[in-house]
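For reference, the structure is listed below as structure tokens.
Lettered A, B, C and D in written order, each chain numbered from 1.
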Amino acid sequence: MSNVGSLEELRARLAAFAAERDWEQFHSPKNLAMALAAEAGELLEHFQWLTEDESIALPEATRKEVALEIADVLLFLVRLADRLGIDPLEAATHKLEVNARKYPVDKSRGRATKYDRL
Amino acid sequence: MSNVGSLEELRARLAAFAAERDWEQFHSPKNLAMALAAEAGELLEHFQWLTEDESIALPEATRKEVALEIADVLLFLVRLADRLGIDPLEAATHKLEVNARKYPVDKSRGRATKYDRL
Amino acid sequence: MSNVGSLEELRARLAAFAAERDWEQFHSPKNLAMALAAEAGELLEHFQWLTEDESIALPEATRKEVALEIADVLLFLVRLADRLGIDPLEAATHKLEVNARKYPVDKSRGRATKYDRL
Amino acid sequence: MSNVGSLEELRARLAAFAAERDWEQFHSPKNLAMALAAEAGELLEHFQWLTEDESIALPEATRKEVALEIADVLLFLVRLADRLGIDPLEAATHKLEVNARKYPVDKSRGRATKYDRL
């Protein structure tokens, strides 16, 4: 896969992809959020009857299918963010800093408790 | 936001974040797929009663909330991919090439028809 | 469809269906919640590129597919509730009464605003 | 809960609830499918960090919260079906018969394999 660039390059390619096909009319944030959630549902489907241990050791064929679902989620996420003028990497970096404050290491070590109950 | 790097840097930070908190035990792909889908649901919630036109012109407060949901989806997506040894950017680039073949410009222009019905 | 009974009859049939196939082992509430969400995602997929007006006037073939997705959501919902000892009809009736208090007619008429912002 | 009736009574109450508040304008099938999926996401959130064993033995407070999410999913499901002229109980009964043919007892006993791979 020689042609993998940055998230910014992916954004630009997706915008061109939609423009060439005159798909901006379908790509309202509302519709893109739906498409993203539908893909997240397809991702779930691969895991719903697996144990957690099975889910970490997928057969190679399943892993490839899961990679395609992950791709679909990312494509719609990048496209949605672009339509709203949001930089997803910046937003995620910011959110990770927020999470670091919400979940201090000493309080959250080994616990899946939500921050508001820590 | 001076500290924004690449998706690869985000991956590494998330892995460190989980390791420091001893959270690998919760981060099975099964659980991460659930968390991702739950965040996709929160994203939906912002748009469910809006018209498509309203969804492209969000009030600034809503846009900021949506940016945080987009961040959450991306964080879980990157973490899930990491646990499965998948490069999400490579997967998305590959999928976009597949989509370009599935949806040739001349057949799909201005149409939201699924590829298997084109 | 002569054989349609109550939600309680559906619950009993589903329990028998799972028992005959020795599927209780897969039917943890965690897994059933995932399956339900995956079906909700399939439901979304039918509507994601439609306008709201189109969504109320589905072609008959699409309406039949949507009916099957609605069925799948209901089947997993009834099964999930059964595994947790929850009566879904009782829960929904109770929640509707809660909603009636949260959304008084005079304050919520013609507005999609969430109750905590009314 | 003396006031629990049938799914048909719930449908009628929900229709009246929406009519009184002039909410039909928001209740397109597209929007209702989104609301349903958002509630399915909230359901997921309760289970995402639990083991399967923990998910079957919820603390009472969590079980009550889960009951309310199940209620929300059912309310939107019934409302969506009503808007499309679909009887959800009939659809589910029909789908269960389809599933019985797809998953014959002898082939599917003790296996979570999808029907097209049995």
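What we mean here is this: a contact is a pair of C-beta atoms (placed from the backbone, for glycine too) under 8 Å apart; a residue touches a chain by one contact, two chains touch by 3 or more.
Just so it is clear, the model here is predicted, and its values are computed rather than measured.
Shared contact partners of chain A and chain B are C, D.
Pairs C-D and B-C differ in how many C-beta pairs touch across them, and the larger number is found at C-D. Chain B and chain C have Cα centroids separated by 25 Å.
Between the CA-based centres of chain C and chain D the separation comes to 2 Å, rounded to the whole angstrom. With touch defined as above, residues shared between interfaces to two or more other chains in chain B number as follows: 26, 31, 33-34, 37, 40-41, 44, 47, 49, 51-52, 112. Of all residues in chain B, those touching chain A in their complex are 1, 3-7, 10, 13-14, 17, 20-23, 25-26, 28-31, 33-34, 36-37, 40-41, 43-44, 46-47, 50-53, 55-56, 58, 63, 66-68, 70-75, 77-78, 80-81, 83-96, 98-100, 103, 105, 108-110, 112. Contact residues of chain A toward chain D in the complex are 33-34, 37, 41, 49, 51-52, 112.
In the complex of the two chains, the chain B residues touching chain D come out as 26, 31, 34-35, 37-42, 44-45, 47-49.
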